[in-house]
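The following blocks contain the structures, represented as structure tokens.
Consider the two complexes below, in which chain A is the common component and chain B and chain C are the respective partners.
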Partner chain A sequence: MDRSSHLSVILDLCPTQWSLSAKPSNPHPLPFDTFLSHLLVFLNSHIAYKHENSLAVFGALPGKSVLFYSSEEAGDLSTAEVVQSDPNSYRFFKTLDQSLVQRISREFDILGQPDTEEPPALVGALTKAICYINRLLHPAQTLSSPEDSANLPEPRILILSVSPDASNSYIPIMNSIFSAQKLKITLDVCKIFGPDSVFLQQAAYLTGGSYIYLEHREALLQYLIMSFLPTPSIRKIITIPTEDKTDFRAACFCHKHIVDVGYVCSVCLSIFCQPVPVCSTCRTKFPMKTLQRLNMTRTPSQPSTPRPTNGTPTRQVFSGLAANLR
Partner chain B sequence: MPPRRHDDIMDVDSEGSDASLDYDGPRRKGKGKAPKKKDKGKSKVTEAPYAWEASYVRSWDTVQEDESGSLQTAVDDLIARGRRKRLLAPSKAIRRTIIRHLIIILDLSNSMTDRDMRPTRFDLTLEYTREFVNEWFDQNPLGQIGMVGMRAGVGERVGEMSGNPPDVLRAISERHKLEPTGDPSLQNAIEMAKSTMSHLPTHSSREILIIFGSLTTCDPGNIHETLESCIRDKIRISVVALAAEMKICRELCEKTGGQFGVAMNEGHFKDLLFELIPPPAQQTTSSALTARLASGAPANAPGNAGGDLMLMGFPTRLPDTSPPSLCVCHSELKSQGFLCPRCSAKVCDIPTDCDVCGLMIVSSPHLARSYHHLFPVKTYRAVMTTEETANSSPKCHACARMFQSPAPSGPGRKASTAGKADGSTSTTNGNSESNSIDGREGAAIDTGADGISALGRYRCTDCSNDFCADCDVFIHDVLHCCPGCER
Partner chain C sequence: MPAVEELSAKDVGPHPLLAFLQSQPKKALSRLYQRPSSCLCIFRLLGPLERQIVMNILWLDASIPASTMSSWVVREGKKEYDQALIELSRIDVLVNSATELTLSATFKTSLRQAITGGGSTGSFGVPLPGHSEHPTPSIATLDTYALEKWESILHYMVSSGTGLPSAKPSAGVEFLLERSGLMAKAREMTSSQITSTGFQFLLHTPHDQLWALLLQYLEMSEERKTDIVEVISFLFMLSTMELGKEYSVDTLTKAQEHMLSDLRDYGLVWQRKATPRRFSPTRLATTLTSSLPPLPTATGAGGAGDSKGEGFIVLETNYRIYAYTDNPLQTAVLNLFINLKSRFPNLVVGSITRDSVKRALMNGITADQIISYLTTHAHPQMRKNKPLIPVTVQDQIRLWELEKNRVKSDEGYLYTSFASLADYEYVLKHGRELGVILWESAARRCFFTSVEGHASIRLFIERSGQNQQPNRG
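Presenting the complex of A and B:
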């Protein structure tokens, strides 16, 4: 329990969603600058929590992902940007606050006002965060003795999400989740605005983190401090709200219905709600015998609840596969 | 007789990566494709049939001191080379067997008590088998493993076929039940494994992995008939031998399309086992070949072997707060669990086959776990020249580590590699972007094909971002997603 902890924060910086979030017509509007000030308090309290705690902040901007801040570059004064010294504030807080705000505003300036907005590069930010933690956990081979491994930080990633799921990011997000599981990284998700994200719900569930949908957005700081500041080892003692209704059923590729019993292609693992003679993804022809057998056993009333979203890929994700497997 | 090789340091290095392999015969599959050197024919005149006829390699020559007399850089270099070599395997999409069935045959004969591997062959085998099972299920979540032991001349069922890792591990958890004794019988064990897998559908693979410590086998009949029937049933047999090569073991592997290896030491034993973890490419061409070997057994549907529709159930997960009820698998009172969609029986763990109606129960993350085999990340190209790094970031795109600056390139060999690469890469750079893959191959061959970048930069051919060596390995081995392309 004495281990230090590393926190990687991923900020979803999708301008459209943030402007929607700031609209006063919302029941609980949250403009970006308020969000930022809440966030800075939270980040400062994380570094203040324990001296060895480290921090990295990644941003998912439209079409690109950026590392805004990391503890190690802040420790290295030569690379850190010139920070005005302020006798009334702790130097690390000051460095963090200033460089983070400066860089975010610089990225927004670069962004300008494009006509069409690309979806935020959440996958890029997530994979970068995982690679960064991988580097922290495997420093240099010369150091890897048992007592050193006890000193390695306890890693976790907090995703502050505002934008909805992008269906073509299903496979990379799942791959990231599995590598996070391997590295024992806890993925926490705070959904600040927008519809529930099924992918991130699964991410939190599969890595033992918590997924929190923010209802009272103006209380963001309280949510952050009460739920996301404690390290995973402390969370065994205190109770953190968790999502217990994550649904892992799949949707078929043909009609997007949620299926209970599906027919799966053995080559590319596409899911269908009824026996089909040819796989629509990889063009594999299925033997006649199987089709007859499956049609025989098929229950007459297929449960086809018209629920639109769930955690399975859509057809377009697989479009590239068809050529590869033929 | 002095060894026939050049004094060029470059050559000594690449020879070195061959060195460790010459012990177990030059025909070892998978290892033979180490560096493709132009003068390969000179250093090995003909493929020597025995290890002692191969040219003598001094492994200590591969380690060179750097200017300060330290071995650290040489050691780092060797480690990097070893890790990088695995990545050079083809990364293009090939059809792989996703649904696998594997029987592990453990040798439990007297010869396993030998202490040539520490602590004993038997203990080491159990330990590695445990790691193997965990890693195997991680990469093949829809597969199933069964265990058979060879002891006292008979095959002995140690663990039933199961898709649940704890169940499989429980089978080998009790050491005293597996105490080695007597002689092994390959034929009995293979027959038992074969009958266990006889009912399996054609789209799944049937594999046998034999960990064999003995040099004899005590069979009731003709083992070649067993081999023929395995070929007919398309069972792929792989053998990891702990003692020495046996003719029958090699034959089993070669005729069924499996891999054969003799473990030289503890580390090599583990490597051999773990090579068998990634799902094998589906045998569309080789199945025709094995069919021909099996003296005229008809090859059925060579083009499209294996494609099939499978019935799978996606269960409803009961939340932890639901009222407790009995599960069908262990008859224990639990609140969490999964409901079979067809018969509403409650099972504890997925993926599994429903104990009541036999439906295969999976969840969508299990399917997703296999996708990375279907969409591999492209191999990154090693950046060789300093010109290429001119407009790229000074930091690794993934982990933000600073790249080493190219200026102090100490050993002359690095300079020469860079110089050599100069010509080819600059010409390929002149070509259009779409040709970049061909350019990569050209550059790789030119620089000794081990793909080590002197600058420590590896560039994605799609997004043109540079990554450090550690991230390169991590991305291809674990993450399966390029942070630059986001795919």
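Presenting the complex of A and C:
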């Protein structure tokens, strides 16, 4: 129960969304600097929780992803970047706070004010976070016995998201989710601003994490501490909020639309929003007859109608394609 | 996963220091909680569930109704949750846990301050820039120093039993060892001898050993009328300090300055000379509040090139032991329960025999302690085996222990001289229903009951109009 835990935090640093979030016209405006101060307290609490707890902070900036801070470097930091020691604060907290703030502002300076803004590289940050944990769970020495695995930390990833889904990142996000499942990483998502994210909802659902849409945004810290600070073993005793409705809709591989009813390749399970003669992923050719029949049964308005819940592709379509292939 | 939970269930018991804090008056606790570093350390010593509860209410300004909080708890976890609340209120972190939950005001302010930084208490120690003439000791120097000091204490304990000469630690250390009952002075002897608790102590992990001694130290300071709050908060300050930095003595109180010399003897603090104005904490001190101690000291294989903290013992199914070590302490500890056969520069060969284990058992070491010592110090090569310690050896050590316990004693009452077999069986039947019969013999018409059962059996006999004489067993 008292294992150490590792937390990787992914910050969605999309400038446009943050400036929208800070607008006083919002019901609960949340400027970035307030967010940052809440976040720092949360990160410090994680370090305070246990001596062995480790931390890594990644940023998803427009077009690139950066590792801002990791507890590994905290040891060497005293030589590299001199952090003024202070008798009134714990050294690890001070190092964390200072270097994180410094590096975020440096990245924002580099970013400047471009005319067009690329979408934030959430996938890049997520992949880096998973790779980081993978390295942590498989140290250089081969640890094979169960006794040793008890000393390895429990890994978690927390995504603090502000921007809407980018539908072309569906496949890489799904792939990251599967790798996370394999490494037994819990993915937590806190949606701070913007519309619900279908992909991240699925990410939390599939890895046993929790997806929380922040309603009272001035209480961010309390949300963070009560929902995302407990380790998976504590969550068995003190429950944390989870979504009761998760949007399971997928994005098609051909146009990256989020679809209610899709057409699934019976060989490789690729999803398409319309019947195709040849699967673009595995090059399987489908019989002409099936295509024609499927095209006839198609309702014209399908890809655009949004349906919030239970959008699993219907079984008929699955079996239809499969039966015709035989 | 089940293996992990089993393991943690065993060792997750509350930290020994918390029990000590419970025994302190409220006034002392609230003075202790004025220092952010102490609050941070106490927070870390709490159980995982207790830590989460504290965190959940730390940033709330008003108190929260207890019912609101407990509605977050799943039904199966209710017992643990209630237990956690009780533990918290015992050390006065939580107040008034019956209807609403709120942290004690001092604790709340200080822990908040510890996490956010700021304030002017200076409770994390005042660091000094490097001295021009005497450079700050490197981490390796500190580790060697701590290792040397700590092992010399342990080695002194081990060798006292064998009569081999070893360097005597300072008078303070010797006194502490005697006071804690780990060593005792025999009547005609000038030097003290290790006791059976001392032998058990040697097989504990370094972290447990350190805390056991420090708790003794705290009790000793209490008797000496030193301000206990200053002693504890200084220990906590040390544990939040950074390894490889020097700190100033100037901000310490008199009592704390006095402690420095004691802590130097235990290897927790490094000082260049006897009365300097600066000191450095060693790894022993900075890992005080971590539960998985990354102590390269004491567990290390001792050799410079060896990867530290790795096991060194290879145990075969034929009871032979190969220990890859040149460390006199480890050899001496092994010598407690194995027969040493030969020694090489980096290897000790011996075997576990009935006599060697019996000898250990006589010293008060248990079979489980031997097995757990062998498990924790097993060579990486051995970790491929499953189970790690050969079953034959494990069972045999346990059997040897059982040999010692052939006679089991229970206190109770013997009932004899029943008039007839019918009477005997009538009373015996009642006793069996109550489950208090420890032994019976129909041929001799007598049986033996436990102490708890005596009253009801006697009442039963009296009621049945019988007239028996119970004999104390």
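The working rule: the second predicted complex is superposed on the first by the 240 of 326 C-alpha atoms of A that agree within 3 Å, B and C clash if a C-alpha of one lies under 4 Å from a C-alpha of the other, contacts with A are read in each partner's own complex, and residues count from 1 in each chain.
One rule holds for everything that comes next: a contact is a pair of C-beta atoms (placed from the backbone, for glycine too) under 8 Å apart; a residue touches a chain by one contact, two chains touch by 3 or more.
These figures come from a predicted structure and were not determined experimentally.
Asks: Applying the document's definition of touch, where does A:S105 land relative to chain B and chain C: first, second, both, or neither?
Replies: Touch partners of A:S105: none, neither chain B nor chain C.
Asks: Classify the contacts of A:D97 with the two partner chains as first (chain B alone), second (chain C alone), both, or neither.
Replies: Once the two structures are laid over each other on A, A:D97 reaches chain C alone.
Asks: Is A:S19 in contact with chain B, with chain C, with both, or with neither (first, second, both, neither)?
Replies: neither
Asks: According to the stated criteria, A:Q292 is in contact with first (chain B), second (chain C), both, or neither; which is it?
Replies: In the superposition, A:Q292 touches no partner, neither chain B nor chain C.
Asks: Taking the superposition as given, does A:Y170 touch the first partner, chain B, the second, chain C, both, or neither?
Replies: first
Asks: Taking the superposition on A as described, I'd like to know which of chain B and chain C A:A48 touches: first, second, both or neither.
Replies: Second partner only.
Asks: Thinking of the overlay built on chain A, is A:D260 touched by chain B (first), by chain C (second), by both, or by neither?
Replies: Only chain B; A:D260 stays clear of chain C.
Asks: Determine, under the contact definition given at the top, whether A:S4 touches first (chain B), second (chain C), both, or neither.
Replies: Touch partner of A:S4: chain C, not chain B.
Asks: Tell me which of chain B and chain C touches more residues of chain A.
Replies: When the residues of chain A touched by each partner are counted, B comes out ahead.
Asks: Starting from the residues of chain A touching chain B, keep only those that also touch chain C in the other complex, and list them.
Replies: On chain A, the overlap between the chain B and chain C contacts is residues 141.
Asks: Mind pulling up the chain A residues that touch chain B in the complex?
Replies: Listed in rising order, the residues of chain A that touch chain B are 65, 67, 70, 73, 121, 123-124, 127-128, 130-132, 134-135, 138, 141-142, 169-172, 174-179, 182-183, 202, 206, 244-250, 259-269, 271-272, 275-276, 279, 284-287, 290-291, 294, 297, 310-313, 320-321, 324-325.
Asks: Could you please specify the touching residues of chain B with respect to chain A in the complex?
Replies: Answer in residue numbers: 72, 76, 79, 92-93, 95, 98-99, 138, 203-204, 304, 306-317, 319-321, 341-342, 359, 363-365, 367-372, 374-375, 396-401, 470-471, 474-475, 478-484, 486-487.
Asks: Residue numbers of chain C touching chain A in their complex, please.
Replies: 3-5, 7-9, 12, 36-37, 40, 43-44, 47-49, 51-53, 55-56, 58-60, 72-74, 76-77, 80-81, 113-127, 240-242, 245, 251, 287, 289-292, 375, 380, 383-384, 386, 388
Asks: Please name which positions on chain A make contact with chain C in the complex.
Replies: 1-4, 41, 44-45, 48-52, 78, 85-91, 93-94, 97, 141, 144-151, 221-222, 225-226, 229-231, 233-234, 236-240
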